[in-house]
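See below for the structure under consideration.
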Amino acid sequence: MDRVLKYGMVGGGEGSFIGDVHRKAIAMDGVCEIVAGNFSRDTVKAQRTGKKLGIQSDRIYQSFEEMAEVESNREDGIDFVVIVTPNKSHYDIAKAFLQKGIHIACDKPLTLEISESEDLARIAKEKDLLFCVTYTNTGCPMVKHAREMVKHGDLGDIIMVMAEYPQDWLINNVSSLGAAQLWRTDPSECNSACVADIGCHIENTVSYITGLKIKSLLANLNKIGEGMQLETNASIMVKYDNGASGMYWACQVALGNKNAIKIRVFGTKGSLEWEGEKPDDMKVSPLGNPIQTLYRGRDKLYPSAAKFSRIPGGHPEGTYEAFANIYLAFARALIKKKTGELLTDEDLDFPSVEKGVVGVKFIHSCLESNENGSVWVNFE
Amino acid sequence: MDRVLKYGMVGGGEGSFIGDVHRKAIAMDGVCEIVAGNFSRDTVKAQRTGKKLGIQSDRIYQSFEEMAEVESNREDGIDFVVIVTPNKSHYDIAKAFLQKGIHIACDKPLTLEISESEDLARIAKEKDLLFCVTYTNTGCPMVKHAREMVKHGDLGDIIMVMAEYPQDWLINNVSSLGAAQLWRTDPSECNSACVADIGCHIENTVSYITGLKIKSLLANLNKIGEGMQLETNASIMVKYDNGASGMYWACQVALGNKNAIKIRVFGTKGSLEWEGEKPDDMKVSPLGNPIQTLYRGRDKLYPSAAKFSRIPGGHPEGTYEAFANIYLAFARALIKKKTGELLTDEDLDFPSVEKGVVGVKFIHSCLESNENGSVWVNFE
Amino acid sequence: MDRVLKYGMVGGGEGSFIGDVHRKAIAMDGVCEIVAGNFSRDTVKAQRTGKKLGIQSDRIYQSFEEMAEVESNREDGIDFVVIVTPNKSHYDIAKAFLQKGIHIACDKPLTLEISESEDLARIAKEKDLLFCVTYTNTGCPMVKHAREMVKHGDLGDIIMVMAEYPQDWLINNVSSLGAAQLWRTDPSECNSACVADIGCHIENTVSYITGLKIKSLLANLNKIGEGMQLETNASIMVKYDNGASGMYWACQVALGNKNAIKIRVFGTKGSLEWEGEKPDDMKVSPLGNPIQTLYRGRDKLYPSAAKFSRIPGGHPEGTYEAFANIYLAFARALIKKKTGELLTDEDLDFPSVEKGVVGVKFIHSCLESNENGSVWVNFE
Amino acid sequence: MDRVLKYGMVGGGEGSFIGDVHRKAIAMDGVCEIVAGNFSRDTVKAQRTGKKLGIQSDRIYQSFEEMAEVESNREDGIDFVVIVTPNKSHYDIAKAFLQKGIHIACDKPLTLEISESEDLARIAKEKDLLFCVTYTNTGCPMVKHAREMVKHGDLGDIIMVMAEYPQDWLINNVSSLGAAQLWRTDPSECNSACVADIGCHIENTVSYITGLKIKSLLANLNKIGEGMQLETNASIMVKYDNGASGMYWACQVALGNKNAIKIRVFGTKGSLEWEGEKPDDMKVSPLGNPIQTLYRGRDKLYPSAAKFSRIPGGHPEGTYEAFANIYLAFARALIKKKTGELLTDEDLDFPSVEKGVVGVKFIHSCLESNENGSVWVNFE
């Protein structure tokens, strides 16, 4: 990998949790270098962050518009931009960079409105730009192996999906939340808290693993917590296009849970179970045989999963490495694209803008179902 | 406990799994002795079972009607009858014994029809007879402790219940099922497979622990498995009277699961999690404190739970002991009743016929919701 | 099983934990009936216990000598005696009954002194009497399956054994121990606390599973706890006759442990891991394959193990059932013997008096090693 | 942190596993930049690795001696060197750089011979250079919290340590080992396999957590595996200076284990249990209270541990992050040192060269004990 890519970031200033994770994950593989940024609306803070990161002061921007403009005109301008701002601003930012011909990696959910996300998908296609939505779990080797198992028919026909993502941080800390977190429950910033923040991870991870499409869904959303104005608990039922059923539960006030995404897929020939808090292993139950636990780095995985395993089994990989894997796939695809090579499906094994669109639709469908009394709504 | 009770059994002949469990569990405590039975419709088999159990041949009956008649007229007739036949026959059998003034312990679900179960409840009340429906989990000390925690406010207000009961035996063995199991999926014997067999355990255990009443529910039932004529998968959403939400999942075709009932109750001040396959412990997460695991026999339980713990912690108690506890409570209440003492609520800590009625209504509501397109139905 | 055996008990009076467990476990299967007893040295208590158990008053004895004498002369005398007294008295009691031709089931460890246990083994052989030492774990189906796996070569050559049995009750409760427990740490009653009480379970269970003989051992024993006069912590190394190594750890003051016996056996072709607190499952790691978890009642076990599984997988069996299995094997062998049939090795699948002798030698070797500075001692 | 440190690496060429881990871990925090290297004895490979890493060709060296010489003379020479070669060469390499005044981070074990490691410690002290031995586990926040708990008396007096580190890669793969791994079992390269590779991690982690010093030890080492010339299994007993006992087990042929280091520390007031494969949590059992599980990022940790937690609970951190933490502490100390500030104990929270010396002594003592028939040897 001779070419090192250059990137810029919008968001990720002081106090931001996720921007720093993106940067450190990207840094691990040494393929992409940060050279520009619009880290904060606060100029002083933005400068401080940029300086800390060793960025030249003329590439620490005061607005994303300026950054898109200037970087797209530089010889040595950024190859892609990483967008890690609150959800509401994703659309404008992503659009600005797309229009300047700059590739995108954007945090989930993609946008607030469905029309916005569809617009981004349309522009990216027109401009032939890569657009990655950084749904973390798809970077885990065991999640990739799960997908391959389903694809290869190891589970037979899928009949049921049980998926959940409970957390408890909003019951513990609401009053003490810093600004960097508070926007997540602010109706002037978001239309959804729990579904937008974590429910969409369920939707994406299940879709990634099973390839199933949701045909209809029903949601019961609850605003739990004093003064809470958006839902913090979501009970969701889904029906898939192949006739299978699913239950999704996302909750931010479930005491005793940190970040406990868990996906169970049941088929006629086998089942699998994966938990995000121990991402290196996966329970697999083949029909007529003992229950197994597969381990990254120990057991034989499908090649497209195995190639993302970095170190031997029992040496835990986690959140940083999942992000690093997504960026590595994205960067490799981008390098290939820049050298004019054709990109295969395997090259594009990172969450696409189209998946981002589905995620936004999922959030809206949940809201719509709930508003109408938790009734079934079609999901195209 | 000077008085030893005498009991008879209907059902529990050769090949029966659950009848034998009831007998062995009852035998443990030496308080009740089996002296009569109508073990099978097949006379030869019935005699063989009775003889094996050391029952006098004149008390091995050819019909439950005869048994009810004869035993109620004997000086030394049975104090109570244990009914462990397929569900369909519970009503007629229970009614016959109630009418003869004999107390009842009956397997769940209580009856097929709501009207039947209500009828039994009415007669039991009129005749002032004890009637226990043997929902296993309520016999576990940790389930009793969970109930006490909720009752004492340790969890604050309940906001969410997640409960599931997956098994996989119907995907493995359908074609090879013996007659003793096959009736469970036979529409001429049952109106429900999965909900009646295991879903009702969820309903009962959640109700026992939380005391919450279901206000409305919605069910998506699936007949999975070749030639399956009744549902083997049930996704259920509930709303409780206090505003809390619940999700229940019962499945008999979920590969990798044996008998995995799991109840999670989330409150504003704490949460708890109990699993039937490791009944001696319980995860408890108090607000603002580390997550704990409580163990029967090690940690301090509420007295009404602790008194059902038999041996020190780390010496596992299981299914037999749960049944034994239910029968012990039932027998103690019966002895007290026979000596004319007043029964307190604590004396009656075994599942009542009224709980049995609720269980039958639950099954019917799930069927009704599903038949109407998985819509919400009120649950009184 | 037409014949019901009659048994008596020495020990197991009020306040005793283990006597009651033996009785309830025996009662489950309805094969043996208690008809006599010398439950306590205290006559009033002995009568009270006997009466509660429904025993005729003339068979509630004031001394074990009297009981052995009288029962051996009755037409309907007991078939066997269950000895559940403190260890020190096992020898005299067992000898008295053996000499009267009565079969024995005795709690572990068999005796205090090696010569005593050898004496009992000799008499039992001479008199052709069955003698069972009730080492609990050998009654668990998964332990039996483990033994069969080793026997069938599924693990290849055994190379290493890691076994441990930590508890914490002696750190919590010493000052508050009742008399029924206190003798276990009293040097006038015992020569060893931790090794005699739980260490010998490790020795027996490992021996049962692996069939390996210890060639030499080394022990470091510690008297931890205020005023403790016997060891409560034992670190033991062993070398087996086949060249394999082992490490045993027994501890009664290891906070956070209830009764956590765990046996791991490593071979050249596979390994297994069994824990007494979840006795229904076993981890198995076959060379070159994923790690499996086997479950009683779900997965295919070797027939001599499977036949001791009572109920379907996921319905937990525990301590009572393990004891019941030992007594069931013992009773079946006794019935067969009484009918003059020849007993096969499979009939004798309960811990023999010879295993009891090995256990006592193990305790003495640990004491000897420790007294000499934790040096290696030969173990014949 | 204005200053970015520059470092070079010796070892870590193509096929090396651990060199790449060190580089990626260092890269995460952006504090240290790799600018030089002697990656392989094979010049072509060395150049290829260096080029891939973006290193100027004149700083890709053919020998470590040349590298030490040239870098120490450059204005912009490296601040420290990372040594990730096979153990045998650590001494010469470290010495060369120390003598040129360059700080060191060196993989464990420090050297083959005790005298060598003592020599390095002496020179580092004389030259006032920082020397870090990269024992991974000490970089985990929960290990740091464990140390603080002991230090603050939360466990009372330590009475027993149980520590183990089983792996199975040498039973699976010996014949298929690549050169990059094979040296670990080659007696011409090493004097110990299992103890040097993983046993020393036990020694270091226990020492780090408990602060206890080993007074004497005894080891039984076994060469298991066809043609194996060094030990692959080590059973070790230790006695600590405070009177506590310990058992250590290290094994590379224990089927079913990947990299399963587990440390249990038992005290009079509490115990703790930490496992390297799930480094983010820790079981804690306080006397008289329920057993807890503490989670990094969720529960309150001591400040000197908490400051190494990067992301919220439930977002797993693993091996890379542990290394990153060690390097971050080392780099911060180095920056502080370069600015002339005094280093506190807290600044020096990374494994020192003195700890490296103890590790080498530990290996030698185990070998000595085993050679003399697994006898007790004093450990100063």
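Read from first to last, the chains carry the letters A, B, C and D; within each, the first residue is number 1.
One rule holds for everything that comes next: contacts are C-beta pairs under 8 Å (C-beta built on N, C-alpha and C of every residue); 3 or more make two chains touch, one makes a residue touch a chain.
Computed from a predicted structure; not experimentally measured.
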Which pair wins on C-beta contacts, A-C or A-D?
A-D
Quick check: superposing chain B onto chain D on C-alpha atoms, how many degrees is the rotation, to the nearest 5?
180
Chain-centre distance (mean CA atoms) for chain A and chain C, in whole Å, is 55
Report the inter-chain centroid distance for chain A and chain B in whole angstrom, where each centroid is the mean of the CA atoms.
44
Rounded to a whole Å, what is the gap between the Cα centroids of chain A and chain D?
34
Junction residues of chain B, two or more chains touched:
257, 284, 291, 295
Among line, ring, star, complete and other, which one matches the pattern of chain touches?
complete
Inside the complex, what are the residues of chain D that reach chain C?
159-160, 162, 164, 168, 171-172, 218, 220, 222, 224, 233, 235, 237, 239, 245-247, 249, 251, 253-257, 264, 266-271, 273, 283-288, 291, 373-376
In the complex, the residues of chain D that touch chain B are 284, 290-295, 299
In the complex of these two chains, what residues of chain D are touching chain A?
1, 4, 17, 21, 23-25, 27-30, 52-54, 167, 169, 257-260, 276-279, 295, 297-298, 310-321
